[in-house]
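Scrolling down, you'll hit the structures one after another.
In what follows, subunit A forms one complex with subunit B and a second complex with subunit C.
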Partner chain A sequence: MTSRNGRKKDSSSKESTPKVEWDLRLYVAGQSRKSLTALANLKKLCEEYLAGKYRIEVVDLLQTPQLAAGDQILAIPTLVRKLPAPMKKIIGDLSNEERALVGLDLRPAKEKQG
Partner chain B sequence: MRAQHSSGSATRQSKKKTIADGQLTKALTGVHGFDELTRGGLPRGRPTLVCGGPGCGKTLFALEFLVRGAIQYREPGVFVSFEERSEDLQANVASLGFDLVGLAKDKLIVIDHVRVERSEIEETGDYDLDGLFIRIGHAIDSIGAKRIVLDTIESLFGGLSNEALLRAELRRLFGWLKDKGMTAVITGERGDRALTRQGLEEYVSDCVILLDHRVTNEISTRRLRIVKYRGSKHTTNECPFFIDDTGISLIPITSVGLTHEASQERITTGIERLDRMLGGAGYFRGSSILVSGGAGTGKSSLAAAFASASCRRGERCLYFAFEESESQILRNARSIGIDLGPCVGRELLRFRSSRPTFCGLETHLAIMHKLVEEFDPSAVIVDPVTNLLQIGDEREAGAMLVRLIDYLKMRGTTCLFTSLTAGGSAIEATDVGVSSLMDTWILLRNLESGGERNRGLYVLKSRGMAHSNQVREFVLSHEGIQLIDVYTGPGGVLMGSERVNQESADAAEEERQKELLEERRQKMLRKHATLEAQIAALRAEIEQDRTTFESDRAVATKRRKRDETLRRELSRRKGADASAANGENKTGKRKARGSIDDLA
Partner chain C sequence: MSSADVEIANLRRKLSEADELLRAIHDGEVDAFVLRHHDSYRVHTLQGADSAYRMLVEGMRQGAATIAGDGTILYANRRLCEMVGAAPEAVVGQSLDQCFGCDRATVDEILRSGTEGKSVEFVIRAGQQSIVASISTCALEVEGRAPVFCLVVSDVSDKRAAEKRQEVLAEERAELSGIFSKLPFAVFVADSRGGIYYVNAMGEKLTTSEGMLDKVRSFASELAADGPRDPEEIEVKHGDGSTGCYRLYANAVRTTLQPTRAVVVAMDVTHERESRKRRERDDQLRETFVAILGHDLRTPLGAIQTAGDLLKRRARTPEDAKMADIILRATHHMKGLTDDMLDLASSRLGEGIRLFPVDVDLATLIATVTEELASSRAADFSVETLGAIDGHWDPGRMTQVLSNLLSNAVSYGAPSRPISIRIDGRAAEEVTIEVNNQGEPIAADVLPVLFDPFRRGRASAENKGGIGLGLYIAEQIVSAHGGTIQVQSNWEQGTTFTLRLPRSSAGGPRG
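Right, the complex of A and B next:
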């Protein structure tokens, strides 16, 4: 199972496995250091905890600023957990892995897996 | 962004409207009275902080700035709401006649609700607020906005925990807005010690406006104060304002002064006799008139007469009633023969009835101000002003009245205030605070004597005209208001039925005197007639005497002639010794004749 990571909204994501449980969206503003760090951290995290069950969509607000209002984005970078519900927002570059896991509710998920 | 900002005819037009104050250009807010107060509105292209406690009108002020900017000055605006949802905002301001949905459709306004919910947010490291910048930037660009409101940006502090970062970002945001040339209004909740809870005033240094909502004696008053306005002259006084169905209205009352022109024109009081008391022509146009008196002395009647007279001239009159409703005043006026109904119908007379405790003094003043501006009357009646003065403390009330009178005088509006004086106390003392502001002071007084109460009218003062010093009896009847001379005579000053009694008694006395005189005249005439008759009788007697004597004399003469003739006959008959005898006889006869002469 491969995850589809993209800088842009990935149109091919629909073709990916219907078994996607984790729908994540990362809002960034251009290629800033914080944005790049966040993406790297996110990928690492997902591979570690959600391998094969996730999809990451990266939204660059510099190019599609109109999307900021929809998910109430203030801070950059912001990671939005669209699925599973309820929606969660994690701001920052995800360098604090512990808090990121709490924010994503990944601890219980991991336990279930185990 | 800058280039875009300064281009476009709309911008140029609004810049022309902007009143230059030194180097600083300003953006008109359209908020009633605010632009006059600040001489042109808010600093253009800079952020302004509007702070105050909950419910002080921050959001409304900001919204009006935006909506009026969009409608009146064609400057589109962005409303970034951190508290209320756009639907709520729309609903809240719909009652003020602001159609936010329509404005949004016309691309004049964008409302962006920024929701920050701490429970939904997990902070996991380094971040900045670029997302917010981008959102705002996008909103601005989408309609070419010139104005922006951030309401209330401090909510961010509740949603995000990294305060140091937030402060830095806010500083950056305000700077960024300034760079974009946005005229911004940033609202902030009032803090305990500082102007705002988060000390936003540190970041917004160009203009700070404080809104206040104070409650004194259970009556709330809204006030606005310009704490700071860099690069512009401004008043630091608090300025009252109120919110009604047209939004915020404030009065730049501090700008009025004693510079009004005094009119020479005279206008009738509505009572012909009172006009005569006031130098023969009535009040001066644009003067202030105080009608004071106790309860039921006819103050309102005098006011109604004035209102009616003003409407008869075809001039508008604004009647502030603080005790009675409009229909009550109309009914009462009708009972004394003054029909104000047609005046109301012709829109020459407008009433504003409210309880004095309905709002604070300042708010009353502000409302009066606004109504005067709207209705543009040539006469204003405040009935009674005392009720109004009782809601604030004396100093405050006096200050308010000065402002009101100054304002009305500046407009050349004649103002009539009635004042209820407390029974028992010296009237002059009660009104002393108010009366010095008045040009004409008419005092109505209940005068009690002989078991009845009558109204007396005095003109205590009337600046600039010779006025009567007489007391007049003030009579209200179905036929209207009448002023009658009081009875001043040997019986003292009398009014009412006593006056009537006294007057009729006087009339009766006079009548009696007249009759008496006539009688004496008749008597005299009769006496004279008698005397004349007597004189005539005496004259007749004299005439009688004379006639008698004359006839006697005639007889005597006749007899003497006969005697002589007889003697001559005798002597002729004797013959011889005629000459001697003749001489002797002659002497005897002379003697006899002399005796007759003596008799005569």
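Right, the complex of A and C next:
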């Protein structure tokens, strides 16, 4: 999960493939339980709904906390959708797939209850 | 879109994010937060996020700590606190040198070793206890933050102590091996099943000698559980065809770890045995020679004595009679000498001195001997008797002993002083005879060998008339009677021979 600069690129599409429709960035804190859960959930979700057209960048804020400034990260784990625009944030371990899909605009939001 | 609409959209987005954040926190989907402190950011994990690590570190059998660059302990696990004998709250915040009881240079060395990939070993002293610690350090470089060091401290006291013991044992072993290699004996250690565990340098040379290892193995297999066995001499054939004789000693070696083994020591007695054999042959030859000589000399002596007697009887002039007397005295003397030689030969050839004991009164024997001596030599005797002085002895042999002792006393004693004879028969079982003369004592170096054959007990040249067998034969006769003869000699009391004779010697002719 770690690399020299604290980021790791993880993509199902090949490096040579120019067209990446979904550029996602996951902010984690080392290997904390929620960080690991979030990454696992994200991978599963991407493979299911975005196979071949996504890229995940993992940013470990324990190693490079200053990178939190760019996307104004407050809580970890946080997923940031860089592409497609507009930029969106989904906070948490993505354990609720329904909410994650809605957050990524992969599924329309239901009517709020109550 | 109007600027008001843009602002509303932004606010909505922020509100939605805030809502999302609160929901995630509420649902427990986050376990770390990013806090801004001035211009830097720090990640704070929630309790539980790193619990797996904490449990691992706390449960480690090694001590673990994180140390700031200035040496302050930021965290110490339970094991490390035990090692330094302090509570966690006392350890955290302390400097490493205080905690480990070392100097600052050692702390620097420990922290430096992290970047060098080495481990540092030193003794941590905490109160009464001290442990040998091996410390591995790694530096955690975090951007924008001072480096933090992680220490893993292993207690290697037991390991080092065991290594030390091992070293000492190895040294002792080498020393023993060195000693054994210098021994002039071959040393083998073998078990009862024929396995040979140790052979010293001398032994190595004998391993190819025919008969040696077989004997060592048979010794080992026969060895009783305890105690040494009697030495045994064996002959072996060396690789070069020569033969050697070895005396083998064996004993059991018992240890708690090993089955009982035998240590067999082989001593080269080849030369010893050869010289012993040669000596035995020489002794036998000499004694046989003496016996033949003594016997063969008696025959012509008998003839000379008979002729001398005749000459004396038929002497016409006093001069003739005097000549005949000289012949007879010389013959008598020579007969005494040949008798002594025969006695020596018989005692040394294993026949022993033959005794013909009868009831004897010592007073009679003493009177006979003293009269005979007084007739030929100027001598004065004082005789003292106490109790009954009779017993069952060989009268001829006892006369020989007394004659020898008294004649010695006359020869070596001061001329003007009487020879004192004291016979004590007050004890029921034995009679003690003391013969004392005054004058120059026997030299101290001669005393221990006084009764050996062919030794002249005393230095003065004249009047000895013997070949150094007198005291030897006297002692043989006394011990044949079951008695002892001892001598004491000094300037104050003069020289005293003490005989202890059991009243009844074993009886019957002895041989």
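Throughout what follows, the second predicted complex is superposed on the first by the 92 of 114 C-alpha atoms of A that agree within 3 Å, B and C clash if a C-alpha of one lies under 4 Å from a C-alpha of the other, contacts with A are read in each partner's own complex, and residues count from 1 in each chain.
Convention: a contact is a pair of C-beta atoms (placed from the backbone, for glycine too) under 8 Å apart; a residue touches a chain by one contact, two chains touch by 3 or more.
Fair warning: this is a prediction, and the values are worked out from it, not measured in the lab.
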item	value
First, second, both or neither for A:Gly92, with subunit B first and subunit C second	both
First (subunit B), second (subunit C), both or neither touched by A:Gln63	second
Which superposed partner A:Ala75 touches (first subunit B, second subunit C, both, neither)	both
Touching partner for A:Ala51 - first (subunit B), second (subunit C), both, neither	neither
Partner chain in contact with A:Ala100 - subunit B first, subunit C second, else both or neither	first
First, second, both or neither for A:Ala40, with subunit B first and subunit C second	neither
Intersection of the subunit A residues that touch subunit B with those that touch subunit C	29, 32, 34, 61-62, 65-66, 68-69, 73-78, 89-96, 103
Residues of subunit B that touch subunit A when the two form their complex	112, 114-116, 120-132, 134-135, 137-138, 156, 159-160
Of all residues in subunit C, those that touch subunit A in their complex	17, 20-21, 23-25, 27, 29-34, 36, 40-43, 45, 48-50, 52, 142-144
Contact set on subunit A toward subunit B in their complex	27, 29, 32, 34, 37-38, 41, 61-62, 65-66, 68-69, 72-78, 87-97, 99-100, 102-103
Subunit A to subunit C touching residues, read off their complex	29-30, 32-35, 61-66, 68-69, 73-78, 89-96, 103
